[in-house]
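Labels run A, B, C and D following the written order; every chain starts at residue 1.
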């Protein structure tokens, strides 16, 4: 059995969280509230450090003036705490939303849309596997068509193809679930390893 | 077996499932079964790519390892670090997530213990926030992205001009960082890239391996176990594999049992917990 | 002005997308009725809120811990609608956030939904909560909230990471009616396994159009559908041509 | 004033968003690329500031909880003390301080790892319910799930090597293709939603209509 207070503490917290699997209890509540506090604090510390390293130091020591935009924007965000001037925080907020949209659109157009099509159109339909692949892509995509009248002939057709796509998606979802179970079990194995090897020392 | 029992089995208390999961995982940890380990192609290729690097090659190890995913990523990372040490590679350690610096400290200790000199044979970069933005900045101008590192403070850092000087990029994480590595670094500098990931995301990363963008993938605890075998650095990965197999077997058993019970009692009304 | 090499195709695509977008915005604004197929996940929202009202339990709404992106924005449309309905039905809505900026935006959305519903005083600031930007801390807090405040509905729409499984299963355990939806397709299976209704990928992004039927949003759906038809055309034509040794489509897309 | 309150945020968003998007296509004028780089970097810093506000909100909610004596209010003290104490420690004495590291290693890390591992129990009970052949869809889900489960660990290989081959096939073809279809669809959705912001048509998140 370990003599290190740190290991004991870690073991107690591990058991505290697992106790939730039986039901909510004071020990879990304590650990949960502690963790939420620590988590927010760690993020604040990392955020502060990063702000300092990334924006303040280059601005202050190297004269990279353009960082001041970020710092001024940040201070504008903080007006949120003062009701009469709260509206000022909307200015950087609007900016953040815009940039997020720009960035989202950018990666969607390139890696998620264009390049995925590119790697599909180069497929030659000369093996069964490739034909299956292309058919599945087409059917799945058909499921995501929205703007049609379900009662019309075309609508019925799209719905039919989409239904095949739906079945294909179910295969994919099953596969994901199946392979995820393994990944998740590893995490418990990691904790058990800690409890029985590092803490109790009963496992070689 | 009567219908009542079967109905109850379909709505079995979760806590029973949980308890058995614990026991089933524990049993093989105490009594190793030694089930066969099949080396997968992705791991083999990852190992080959690292093993082919001549001594002194420069590797960038970007890691988003965090306590939540460490059970999978840590054994992989340690195996890779030990392989790098055995092959005398120079490594730049780069924590890219807010929770990673503590893990990088651990690798730093490993290198120091192996006789590496900090700043000459290996280097630890400070953590910078930014996620994708950071990868973009690294790809376009590594030195200015880390402009807070003073010139002259490290011989290794001074000898590097940018990502083009690296012989390999190894990205570790359970999020999107492997895609950023591809988009901003591999695409631009053709740096051979491997990734160390959680098994969950293997399904979505595999297409990038097939297309040759990743030279190899180490995925999950099984990937770690395979890498340990290939690199001859026994560690935590291999010891967990039996437990995984047993855990899986139990889950499959519950699913089959649940289905059999469901089909026998089909038509009867089942209450709750069955949505 | 000079274009980056290899982006000409994308530029043309974006231009076409924009033109079609505005064309249909114009048409809907002029009163043309445009159709959108049924999406069960959105129809279920009212049922979920109704059940909470009946049982006197709150609605829980979350975006997950992912970054501020298009998923969050699409989800904002749903949140606006749901919080308005909650205000009208006098049902509490708890929103848990993992990002500071999203927290601020949700405050604005929920508050104005309450104002529009004519019940500005019913808005409870303490129910729009920042929980944690640390994924696991966020999960642990949600487990607690679910056990202690027992929401009757759990709506999860946004960019989810591994917290999806835990949220959905925890909600299932307390018997909440659940709707899950995300454009991060890798998380969809977990919603499928534990939710009553799941919005798969793109379905989430038509939220605004489906619920609000505002011309602007309906226009976007038509532009999205144009993109899909174009993709289908490219894939079918491209693969058939590629099989016969003609790389026309491949080359076209490289330009 | 009204313009500052309602229109400026929208137009700043339009400006920021279009610069970032255009930088993908336009090489000259050089400002587009430079500004886009700045904007992306600013966003990261702004997010750090927003996180501070989030922490403030957390403090306020827990303080209110103590004040109103809501359920489990005593525990709110734990959150408040941990949040303030750990932040002060980290900022004044740096993350490298032994006490900071001790707490990180022996409280934060095990808590985080254990919470994450609860996923394993949850997914096994979710699968128990989901993998039931109630209808065609569920049957397909069940079948592919079980094959992949057997194919990805040693024991499946020991039972029948074919599981491994089948798993590889499912992963590389049906799974990969369906994921690709979904991704393309989702990408178009993202483009549609993002363009609405870039065109300045969205204002709900800023308190507007």
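The rule is short, and it goes like this: a contact is a pair of C-beta atoms (placed from the backbone, for glycine too) under 8 Å apart; a residue touches a chain by one contact, two chains touch by 3 or more.
None of these values were measured; they are calculated from a predicted model.
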{"item": "Taking each chain's C-alpha mean as its centre, the one farthest from chain B", "value": "C"}
{"item": "Most contacted chain pair (by C-beta pair count)", "value": "A-D"}
{"item": "Euclidean distance of C-alpha centroids - chain A vs chain D, Å", "value": "3"}
{"item": "Between chain D and chain B, distance of the C-alpha-averaged centres to the nearest whole Å", "value": "18"}
{"item": "Geometric centre distance via CA averages, chain C-chain A, whole Å", "value": "15"}
{"item": "Touching two or more other chains - residue numbers and ranges from chain B", "value": "14, 18, 21, 66-71, 99, 129-131, 199-200, 202-204, 207, 222, 244, 248, 251, 275"}
{"item": "Shared interface positions of chain D, touching two or more other chains", "value": "24, 40-41, 43-44, 46-55, 58, 72, 95, 104-105, 108-113, 115-121, 123-125, 127, 129-131, 141-142, 145-146, 149, 152-153, 171-172, 175-176, 179-180, 182-186, 188, 190-191, 193-195, 197, 202, 205-207"}
{"item": "Residues of chain A touching at least two other chains", "value": "17, 20-21, 29, 31-32, 35-36, 38-40, 42-43, 46-47, 49-50, 54, 77, 80, 90, 93, 96-97, 100-101, 103-105, 108-110, 113, 117, 120, 134, 137-138, 141, 143-144, 169-170, 172-177, 179-182, 184-185, 187-188, 190-191"}
{"item": "Chain C residues within the chain D interface of the complex", "value": "1-4, 7, 10-11, 14, 17-18, 21, 68-71, 73-74, 76-77, 80, 97, 99-101, 103-105, 108-109, 111-112, 126, 129-137, 139-140, 143-144, 148-149, 162, 165-166, 168-170, 172, 183-186, 188, 190, 192-194, 200-202, 204-206, 208, 216-217, 220-221, 223-224, 227-228, 231"}
{"item": "Residue numbers on chain D that touch chain B, as the complex places them", "value": "37, 40-41, 43-44, 47-48, 95, 101, 104-105, 108-113, 115-117, 120-121, 124-125, 127-129, 131-134, 142, 145-146, 149-150, 152-158, 164, 171-172, 175-176, 179-180"}
{"item": "Residue ranges of chain B touching chain A (in the complex, touch as defined)", "value": "15, 18, 21-22, 25-26, 29-30, 68-72, 74, 98-99, 126-130, 132, 147-148, 179, 183, 198-200, 202-203, 207, 211, 220-222, 236, 239-240, 243-244, 247-248, 251"}
{"item": "List of chain B residues in touch with chain D within their complex", "value": "12, 14, 17-18, 21, 35-38, 66-71, 99, 101-102, 129-131, 133-134, 136-137, 140, 199, 202-204, 206-207, 210, 222, 241-242, 244-246, 248-252, 254-255, 258-259, 262-263, 273-275"}
{"item": "Partner chain C, residues of chain B touching it in the complex", "value": "14, 66-68, 99, 131, 174-175, 200-201, 203-204, 272, 275"}
